[in-house]
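Next up, some structures in structure tokens.
Common to both upcoming complexes is chain A, partnered first by chain B, then by chain C.
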Partner chain A sequence: MPEQRVVDADYLLLEAPRERKFITGAQAMAEAVKRANVDIAIAYPITPQSEVMHLVGDLWAQGYLKDYYRAEEEYGAMSAIAGAVRGGVRAFTATSGPGLLRGFEAIASWPGHRIPAVLGVLTRVVNAPLSIQPDNIEIAYLLNCGMIVLHAENQQDVFDFTLAGFVISEKVDVYIPVAVCTEGFFVTHAKGYVNMTPEDMKLPPRDPYKAPVPPTDCEIPPARIQRDAPVQKSNFMSYLIHAVWQQEVWASNRRAMKYIYKYLGGPIEVVNPDAEVFIVASGCAAAQGREAVRYAQMEGLNVGLVKVKSIRPFPEKEIREVLKKAKAVIVPEHNIIGWLAREIKATIPDNDKVIGGPRVYGGMTLPVELIMEKIYDVFGIKKERKVVV
Partner chain B sequence: MGLEYVRISPGFERYMPKDYVDLVNYGPFGRQVDVQQLGQFKELVEEHPMCAGCFMAYFIRIFYAALPNPEDTIVIGTAGCARLALSQAAVPFVYGNYGDTNAVASGLKRALTIRFPDKVKDVVVIAGDGGLIDIGFGMTMHSWFRREKFTTIMVDNEVYGNTGGQESGMSPKGVQLKMAPKGKQFDKINAVELAKVAGCVYVAKLAPTNPKRIARTIRRAILAARHFGPTFIHAYTSCNIEYSIPTDKVLEDARKREKQDFAFYEWMTDEVREYFEEIEKQSQEVKV
Partner chain C sequence: MKVVPGPAGYIPTPAVFEGVELPPPGKALLYGEIVDEEIAMREAAKALLTRRNPTIFPGPLVLWGWNASAMEKAKAVLELAMEIPNCRIIPMPDYRPKYPKIDPEAEINPNHPNLTILHNKIEVCIFVGVHCHYANLSLRIIRAGTNCFTIALCAEMGHEDAMVSLRDVHAEEIRRFKDVVVQVREELGIKWEPKLPPENPSLPKENWEALSVLDYGEYSYLLIPRKGEYVPESE
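This part shows the complex of A and B:
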């Protein structure tokens, strides 16, 4: 491995020179981990995530990480991540679909335990019936646990969100974990161009004392003195403490927004802001939405795209502003329930203009033509369906 | 950080809580107290909400008096009665999720080893029979298979006491408990043999009848875990409520069980035995 030097986080994320490589999404995530000065990674296999943690294991073997092991199962992996982060180190893991849900009791407690870490979520179907294909319904489960949830469209996003994820997660006024989600296979196993920071530069190490909640390492005076755990003091104390603590977790989540602006250029990207009709999408659906905007332009239809990068915190203000004058809002998704459409409907006042769909699930691809059909509908254009046999 | 961690900054003595000042002046930090001196020093755990006559509370009191390095020890627990006392001690305590103790301890111990390679930082799990052998079974076993260097202590009350008296894997066969309305259908799990097979380097089983021996066993388990690998203590800590043991009969019950299935048992690898012989020659601290 090349000798890595520590550089300022802002410099690495915003100014450092970048080199263009043609790599898979799994490689992009591992390349970000390589530059993030991660101390420990804990792995457990599940398709399609495994590739990421294989590559991170290789990084450990090369000396980029100080510790790495294959855990017994996801609940064990996610619990051990919590233990390691409490011990003051920087930690990373990744999972997919059923693995996310198996680890979810631990994951859902990370924000409340104030565990800054990055979790890769490489989406797939949640059983049953069994499929291992890239459906992203698991993101719906992540939305209400307090984590910061970023949704990457492509390999470049995976690299950027993962590297910035560590920095955002450890900010003193944030200090909750970041999930970097992207569709399995479509992104993890496909190649795209990624502009990457130099391999010989890395983030500064985690400083566990720059924290709203100190690490559990017996190093910070004063020592703990005898005190009651809230739950046994009284039910009144336990619900009061839980309530104020969770309020702070969600306030931390909202405070992450300024760092999402600083490091990721904001929670949304808008293509053609003066459009009459908008496609609002995240992850791979945003890539298809981008294509649909191009098709529409070729046909002279005024269609725009809002790509949502940050699902938590959710950019309510920004989305309300962009969609203010839109005639219709089309929300294509890679899941059956339409969690993003629900978010949009809950965000804008005139939500009867939201068209939830097209949706594909079970891991199917999302043809641009499906989005075009919705666009023709809202413009009142009748097209004859051509069936090619 | 050791003792610096508990020392009071000059000038602040009169502003610190009385409990804290007493712990610094009369507590066990930085010195080895003898368990027979209980009552003569400021203990790491005092108030607790455990039931009258609870033998687990007694065991935990001895546990804190026995720690070889209380200023650099982190205790990990899970749901159950034990954490009611553990969470009130003057030693950092981590309460994670249900049955996750040995996974959390694995991550924590590794992190402390990365950050403080030259310091002693003891990690000790104390959890019940349900936490370690039922819900946390996989994580308990795998921490042993991986040879994680921390101590696991099972305070076995043979029941889910904190949730109202349900059967656990460690309840004896035939005992009628909640969720076992016809009596437990299978034998008490042999945790000690599992620990040996899974790779623990020091394994002990005891009924808490002899405080000096409990303290020595706990110290041995912690010292062996520092240097060699996982260690395990299986302690009988009866639930006088769910098993209807009169408060004044709990010691009698422990003695009875000691004669039956909780006879004192200690097993260790040869290298651990040699290590104890060596250090016990040098010090009175862990003398048999």
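This part shows the complex of A and C:
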């Protein structure tokens, strides 16, 4: 293990020199953890994200982390993360699909407990039937728990979002967990070029006193509230404290937006802002959308892309602004319910122009041609489907 | 959105949801808008000098002498209190829910701060040394159900739901605010000789000379350093 020196977070994220490597998404996440001065990682390594926690386990063996252990299962892992973070350390874990849902009761309580941590979500099908193939429906479950939810398109995003996630999560006016999501297999097991900060630099350690809540004390909420809850009493005071507490979680979520601008260049990326038709996509659907824009431009069609990096906080204002003149909005997704299309429809006023799809799920890939079919429909171009035998 | 004294209603929308943003370093929030510190300080001073029952709510970061800067900050808070006519100090010593309810003359609690405000008819208050999460809960509950003008002297980035919010406030900044209070007081022609606020009537008299570590009960271990232990500055 090379000697690592602590550098300023802004310097590491925004100015430090970068070296290009050809690595998998799982390796990119582990490389970010290596540079994040993480104290502890706890996990129950579920397929297909197992390589992430395996690699983080290797980091512990090399001395990058102070502690690492495999929990009895996800509920235990996620509860232990909460305990470790309340105790004052920087923690990381990752999971996917059914594992995320098994740990979800604990995960959903992290924002209310004001737990700054990073959770890798390497998406896979939610059972049943049992499958381990990529499908990002599990992100829909994360959207309403108060966490910051970032969705990475590729290996570079995985590295950048994970490293920045620790910094954003620990800002005093934010102080809630960050989920860094990406598609299992398509990103985690595939290689791509990643520009990484130097291996011998790391973030400053977590300062548990720079916090909107005191460090662990079983006499103060939320620990005390768990034990003998005033919120379990039936009176208006109890309702009110829970209501303002929930407001504070979501207020913190919104405050994260300025840091998403600072460290990730904003919650969206726009390609061809003057386009007539937009593809709006997140995660690796954005990569396919990018390719569809290229195909369309080759055919002389004025198509643009909005890549949504931050799902929570959701960039409502930004999306409304970009899409205000669009004739149609195509939302390709890797899940059956179309959670991103719902978000877009709820965001823009003239939402009848949103085309929810194409959608693939259960592990299917998303061919660019599927997106092109929607583009042709919008432009009124008839293409004949031919079966080549 | 203009963040003004309430009552704002049954469950008002947090100022953040209405687009109020925390100020950058060197600036402050006044009624939800980013302004120069001096302007916000003057408006806060005016409220403290003209509204009924001005009260300071010091939180654990000021009340407990856990490091040198906390002690200095506590001193500065007392100096500020002395310059505000008829000012009282009601502490928020911790964030524990109290059963069956708190004594509103003795303390304020983030789970139901409105009780203390309403009982004492407080129309202007200062939060200082309260952890941001609990200050935000309190400020929202107060704006919802009372007509209290809230001033947040925050050591971090500030609070959107306060009428006046100053950021990065430590002992030096509190003393600067005190000078503004004195200046505005003189401009308003209010005569006042600096004096300490009255003792908290609900608390038993303490004999500081006879006070022993053991009087702190289960918390006494926090006060006794272990043999050879050196407690460094931690803020």
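Methods note: the second predicted complex is superposed on the first by the 371 of 389 C-alpha atoms of A that agree within 3 Å, B and C clash if a C-alpha of one lies under 4 Å from a C-alpha of the other, contacts with A are read in each partner's own complex, and residues count from 1 in each chain.
Everything below uses one rule, namely that a contact is a pair of C-beta atoms (placed from the backbone, for glycine too) under 8 Å apart; a residue touches a chain by one contact, two chains touch by 3 or more.
Small disclaimer: the values here were computed from a predicted structure and weren't measured.
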In the superposed arrangement, which partner chain does A:His113 touch: chain B (first), chain C (second), both, or neither? first
Which partner reaches more residues of chain A, chain B or chain C? B
In the overlaid three-chain picture, which partner chain does A:Val172 touch, first (chain B) or second (chain C), both, or neither? second
Is A:Val213 touching the first partner chain B, the second partner chain C, both, or neither of them? second
Which partner chains sit in contact with A:Ala243 here, chain B, chain C, both or neither? Use first/second/both/neither. second
Between chain B (first) and chain C (second), which, if any, makes contact with A:Arg385: first, second, both or neither? neither
Which of chain B and chain C A:Lys258 touches, first, second, both or neither: second
Check the residue A:Glu73 against both partner chains and state whether it touches chain B (first), chain C (second), both, or neither. first
After the superposition on A, what does A:Val89 contact: first (chain B), second (chain C), both or neither? first
For chain A, which residues lie in the overlap of the chain B contacts and the chain C contacts? 219-221, 224-225, 228
Considering the complex alone, what residue numbers of chain A touch chain C? 114, 172-173, 175, 209-214, 219-221, 224-225, 228, 230, 237, 240-241, 243-245, 247-248, 250-251, 254-255, 258
Residue ranges of chain A touching chain B (in the complex, touch as defined): 39-40, 42, 66-67, 69, 71-73, 75-77, 79-89, 91, 105-106, 109, 113, 216-229, 232
Of all residues in chain B, which touch chain A in the complex? 1, 4-9, 16-17, 19-20, 23, 29, 44-47, 49, 71-74, 76, 83-84, 87-98, 100, 103-116, 121, 138-139, 141-142, 146
For the chain C and chain A complex, residues of the former touching the latter: 11, 14, 16-17, 21-22, 60, 94-97, 99, 110-112, 131-134, 136-137, 140-141, 144, 156-157, 160, 234-235
